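There are structures below to look over.
Below are two complexes that have subunit A in common, paired first with subunit B and then with subunit C.
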Partner chain A sequence: MRQAGAYSKLVSGGRSGPHALPLARIKKIMKNSSEEVKMISGEAPIVFSKACELFIEELTKRAWAMTLQGKRRTMQREDVASAVITTDLFDFLITLVSDSVPAQESLPVLEP
Partner chain B sequence: MEPMDIVGRTKEDASLPKATMTKIIKEMLPPDVRVARDAQDLLIECCVEFINLISSESNEVCNREEKRTIAPEHVLKALEVLGFGEYIEEVYAAYEQHRHETMDTMRSGKWSNGAEMTEEEALAEQQRMFAEARARMNGGGSAPKQSDAEAQPSSNS
Partner chain C sequence: MTDEHDKLLPIANIGRIMKQILPPSAKISKEAKETMQECASEFICFVTGEASDRCHKENRKTVNGDDICWALSSLGFDHYSEAMLRYLHKLREFERQRANQSNYKASSSTEEKDEATSSAASAPSFDFEILEKGGRSSPKP
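Right after this comes the complex of A and B.
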């Protein structure tokens, strides 16, 4: 369950360290995302920080599954790309990873 | 000719700190696993893209409700809309925990916001916001009152 951390507000069960993403940096990225981004409440970056953690966790673990499939112990860029391709939820990342796709998994519809 | 902006103040340069990200990533994996540097870089890029995606949608949600400030409820709704509904429960719990810790700080007088709510008022306010957020997450169609613009430190630097 949740640990009451003395450090960041985002210590969650199952993690050994209380590392959290810097809120100011998140806020900066949020503002960059759109020309007309409104004011951002003080608490919104906190919500983002946790969501990012969950997102990284999911992507990392899926990439790791690809690494294991390849019988390796070092995660490579192509593992991340494969994880993106095989997960519908991560479709928004396909363009970002399209140059790292391992040959056997290239989608025919990918734009060059 | 524009000078190279090595300090990274340009709009495109906002990214997440590598050291923190590396630690987070490594913690999620078995201890003997290694992550190639370019794989780490790609993970970080994906995360930034994730923030962009959710930000844009949060902005939309906020617009639709004709609010001026992107609030946590808007972000939660955005997550749901974009298919990340599974995250909502944990995200909301983290938000609640932060709210509790914030309330503690307020009680100790560090956050004097001029309104000087009593503890009962602060707790009532907190419960009201939770209820609103829950109602929103449960698909409530009514727009909640703009509740936290005054009480919370809202900055737009």
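Right after this comes the complex of A and C.
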């Protein structure tokens, strides 16, 4: 697409590519989140596509730190759980990961 | 439960984003990717809920990009919010230019029925390096 190519040169020095995450799926998840959500502007899933990328990157980096602490090279579910527990910002995920918290580590036990 | 996959982002995309940020020798278990899928969906729901509340309070029907940015900031994701606002600004600028160039009617990012993701689906595939610290965000497929 000529326009996409022209614009992408402006902002990204020549790189262009599809969104990292499918917009239609993001929109479905948004609509599923609550009955209140009825109309979603076209740009909202695009913003989320980027925001989710940042979120995944941040959680992945933190989880990897846990992997390395455990002297491993393969990230496990428990590493993601540990990263959630040790990051205040990710408190909203605690219930979601609470069944994956490693028993051995001295992390606070949380009631769901 | 209805189709679970509808509520999750594709594991391949998630895995790709995760791999990009890790050293080349790093491995990621399938369970870790699945957990990340669930966390990403929860993140979307969490932020959307906050954005939707705001719309409701302001008697607006459509959740837009600004609402998402506001919700990110409100929930403590200030660092995402700032980057998103810049991204959104450029996106809107681009859409305006495109609308002017091709006399494109209707599908803009103002209040519309939710069928209007056609505008999002055909949104330009550009990559905003404002978010990068020198790396790439979208890998080549």
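Just a few scattered comments:
Here, the second predicted complex is superposed on the first by the 86 of 112 C-alpha atoms of A that agree within 3 Å, B and C clash if a C-alpha of one lies under 4 Å from a C-alpha of the other, contacts with A are read in each partner's own complex, and residues count from 1 in each chain.
Going forward, contacts are C-beta pairs under 8 Å (C-beta built on N, C-alpha and C of every residue); 3 or more make two chains touch, one makes a residue touch a chain.
Source: prediction; values computed, not measured.
After superposition on subunit A, the partners subunit B and subunit C are seen to clash. Once the two complexes are laid over each other on the shared chain, residue contacts for A:Leu23 go to subunit C alone; subunit B is not touched. Of the two partner chains, neither subunit B nor subunit C is touched by A:Met66.
In the overlay built on the shared chain, the residue A:Ile85 is in contact with neither subunit B nor subunit C.
Contacts of A:Leu93 after superposition on the shared chain: both subunit B and subunit C are touched. For the contact definition in use here, the residues of subunit A common to its subunit B contact set and its subunit C contact set are 4, 12, 15-17, 19-22, 25-26, 28-30, 32-34, 36-44, 46-48, 50-57, 59-61, 63-64, 67, 73-77, 79-81, 84, 88-90, 92-93, 96-97, 100.
Interface residues of subunit A, counted against subunit C in their complex, comprise 1, 3-4, 7-8, 11-13, 15-34, 36-48, 50-57, 59-61, 63-64, 67, 73-77, 79-81, 84, 88-90, 92-93, 96-97, 100. In the complex of the two chains, the subunit A residues touching subunit B come out as 2, 4, 9-10, 12, 15-17, 19-22, 25-26, 28-30, 32-34, 36-44, 46-57, 59-61, 63-64, 67, 73-77, 79-81, 84, 88-90, 92-93, 96-97, 100. Touching subunit A in their complex are the following residues of subunit B: 11-12, 14-17, 20-21, 23-25, 27-29, 32-36, 38-39, 41-43, 45-56, 58-59, 62-63, 67-72, 74-76, 79, 83-84, 87, 90-91, 93-95, 97-99, 101, 148-149, 152-156.
Considering their complex, residues 6-10, 13-14, 16-18, 20-22, 25-29, 31-32, 34-36, 38-49, 51-53, 56, 61-65, 67-69, 72, 75-77, 79-80, 83-84, 87-88, 90-92, 94-95, 97-98, 101, 107-114, 116-121, 123-131, 136-141 of subunit C touch subunit A.
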